[in-house]
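One structure follows; several queries about it will come next.
The chains carry the letters A, B, C and D, assigned in the order they are written, with residues numbered from 1 in each.
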Amino acid sequence: MHVTVWNEYRHELSEEKVRAVYPEGIHQQIASFIETPEISVGTATLDEAEHGLTTDVLAKTDVLIWWGHMAHDEVKDEIVERVYQRVLDGMGLIVLHSGHFSKIFRKLMGTSCDLKWREDGQHARIWNVNPAHPIADGISDCIELEQEEMYGEHFDIPAPDELVFVSWFPKGEVFRSGVTYHRGNGRIFYFQPGHETYPSYYNQEVQKVIQNAVRWCAPKNSRPRVYGHFQPLED
Amino acid sequence: MHVTVWNEYRHELSEEKVRAVYPEGIHQQIASFIETPEISVGTATLDEAEHGLTTDVLAKTDVLIWWGHMAHDEVKDEIVERVYQRVLDGMGLIVLHSGHFSKIFRKLMGTSCDLKWREDGQHARIWNVNPAHPIADGISDCIELEQEEMYGEHFDIPAPDELVFVSWFPKGEVFRSGVTYHRGNGRIFYFQPGHETYPSYYNQEVQKVIQNAVRWCAPKNSRPRVYGHFQPLED
Amino acid sequence: MHVTVWNEYRHELSEEKVRAVYPEGIHQQIASFIETPEISVGTATLDEAEHGLTTDVLAKTDVLIWWGHMAHDEVKDEIVERVYQRVLDGMGLIVLHSGHFSKIFRKLMGTSCDLKWREDGQHARIWNVNPAHPIADGISDCIELEQEEMYGEHFDIPAPDELVFVSWFPKGEVFRSGVTYHRGNGRIFYFQPGHETYPSYYNQEVQKVIQNAVRWCAPKNSRPRVYGHFQPLED
Amino acid sequence: MHVTVWNEYRHELSEEKVRAVYPEGIHQQIASFIETPEISVGTATLDEAEHGLTTDVLAKTDVLIWWGHMAHDEVKDEIVERVYQRVLDGMGLIVLHSGHFSKIFRKLMGTSCDLKWREDGQHARIWNVNPAHPIADGISDCIELEQEEMYGEHFDIPAPDELVFVSWFPKGEVFRSGVTYHRGNGRIFYFQPGHETYPSYYNQEVQKVIQNAVRWCAPKNSRPRVYGHFQPLED
């Protein structure tokens, strides 16, 4: 299996505070806990040619992980369309944190994907509301994060196929923070943690969730779909 | 439309603290805000004959509201079966608060319906996560309750047909507090507020939710279902 | 309540066979069975200015019904975007038959919306698999149509919020023919019948389904959503 | 992983016609295509002590497969309760064909599980409506069975968590023939094929579906759930 971790990779280059947390970039930290003998991992970033998402790269990618924030609008529509078609064809997609506002996530959802937010350095609790789900495999009742950006309801997404996690924030908000979708042959998981100034991707349970999600999103051996004009099966 | 409000009606008789909040019983308070020129309301309680749920009462009931807590086990299986059949036949059912552990709710859900709880007099926030749902009609982003018992995840229910509300509690918990189900021709809504020592059923938004739910649960003009051996439709 | 029936209105002008079935256009036939003392109905067509969907028309429309087929690509992106925003703001949308491939439906779904099809003049059966759903109110076990175009699975849509109807076609196919979705504050219903050369919109049960869907899709009294930076609710 | 295949095992002993298809019993045929180096398989039948489902057998069973038909009522309530608790604790359950009316399936569903049926020796088509689902892994657009009992809608089940297959029958019916549920920590799959006088369990795609379902239903490494009175997490 091959995973590509896409990162906007701007905060890390321009903000010391972010670089202090993710000196090699968020993508390298995520890659570090995804890679195994069975899973090869590549990375791609916004400022590479074609944002690093060439046709070749996408063709060999089984699961794409997406982190973006300040430059969603700089992602070219042509590349968004390319990723979109690959998802419909079966590539898994994991959208993290501020990626909720990425072009690709909004295109797949068909909604604004808007929410409430507050960057206040508070802690957070991620409650496991679907304990038998493969993405919650080995995850405890509640993941505690020392610091995370608040994301609050209403989260303007379609009703998830499956709700896996709901987050609690100390100043009064809740958030559907782990949700799954199918689009075409592609499987999608959105997961809330990962503000660029907090060390969420060093948390072992967050890592475990993303590792589980990679396996859950990986393409099945889907047989080609038949569409269009169709001959009768019966006489 | 005819609504029957069923209440265990034990706490109010034995505890001064509860009687202070609901002097006529929880059922009378609920009845008071359900009744309209179009909606007649009756009540029934555990210690009446057949728990007040005779075949005649149920036959004319369009929506049954259920509040129980300390005496779930005293509800006779025969009456539970009678209510169950009426739900499958199309009667709406609204289960409130500690009714999550009632025999009828567990029978309809097929799970333990267990949860975490703490009676600590804290406040609560009920977030509206499905703003276009009829049960959320006219409800704001967040209903604030000055006091409510904490109910926390994991709530051992089947994945709801629709998730309408998620509650936040100040000591760290979240809860899927407004959920819908279909069973047979019957529509079911579970709603968390209503601990017997707190005045939740005097809250106008809580009242509005239950009023909306009565309309949502009301039986449709379902045509009789055909089951069993079936003659071919085609030659 | 105000309903706008949008029709591409090309087949009827160019094909005698279609005009024979719908001499005033499909939109007029649909309008005729939607209008009641409580529901006013307007129509709009592709070749009107702004496709008849001006900002004013949409602003007063509670539910938009959409029929299109041969000219999906001629619908301007600007108008699609306008309709899309109104749906997210709460306008109901009923997409009929070949409208599955309309820009607006695909944008809201986030998938290709592709399917199998065959125009063979055969009959069809629409099975009611959700008898307690308001859209199935008063609908029998099975709606029989003397002629309908075959649409077959796989239908490339997201998992519906609710599956209401599944169709059977005599040459071997099935189709999820009545499905609901929420997007933002908007409620959406897709319904399969309505090929331009067959008289499906004269069928009384088809009419009843669309009448029911108009009520189901009608905007609720949704309170404004709050998004963006959010002040703490707790001290 | 350990799978237990439970079979009523009455038809095979009393009817020559059934024995001709399944000389060793339906359970042995199912066991034969489930067993692999990684999956050990045992069987259990109604007329064994405790129906073969002792506490020990269930304790070591990861996935239970259930086939029953003529003697649902002879399954003791005590054993049903034991299986039910194991499902809530995480054991997977695959219910086949006429098992729709088994006590255990009805208890987990909370509905009558009734349907239409006709034993007419006709063929059937099982359409794959969820091609990216793990249970549909490697399955083509449509599984064709030369003979299968007709099961028709309305199937009185709760809305499935996921709809994977919809069947077509030549005399006019459709059926949601592959559906998934979660109950507690347990994962459940119902699959329609398998009338005792037809050779459906020799069909390679039917076998593949059940093999996939075994993997899908297998317990995850669910951490123990915490229920009941709960200490505050916050100060």
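Details
Heads up, the rule we're going with is that contacts are C-beta pairs under 8 Å (C-beta built on N, C-alpha and C of every residue); 3 or more make two chains touch, one makes a residue touch a chain.
Remember, it's a predicted structure, so these values are computed and weren't measured experimentally.
Taking shared numbers over all numbers used, the chain A to chain D interface scores over half, which places it in the same class. Comparing the centres of all chains, each the average of its CA atoms, the largest separation from chain A belongs to B.
Chain A and chain D have centres, each the mean of its CA atoms, that are 33 Å apart.
Centre-to-centre, using mean CA coordinates, chain A is 37 Å away from chain B. In chain C, the positions touching at least two other chains are 125, 130-131, 141-142, 152, 154, 159, 161-162, 170, 172-173, 182, 184, 225-226, 233-234.
Those residues of chain C that touch chain B in the shared complex are 90, 125, 130-134, 136-142, 161-162, 170, 182, 184-187, 219-223, 225-226, 233-234.
Within the complex, the chain C residues that touch chain A are 88, 107-112, 114-118, 120, 150, 152, 154, 156, 158-159, 161, 170-173, 181-184, 225-234. The touching residues of chain D, when paired with chain C in their complex, are 125, 127-131, 141-142, 152-155, 159, 162-163, 166-168, 172-174, 176.
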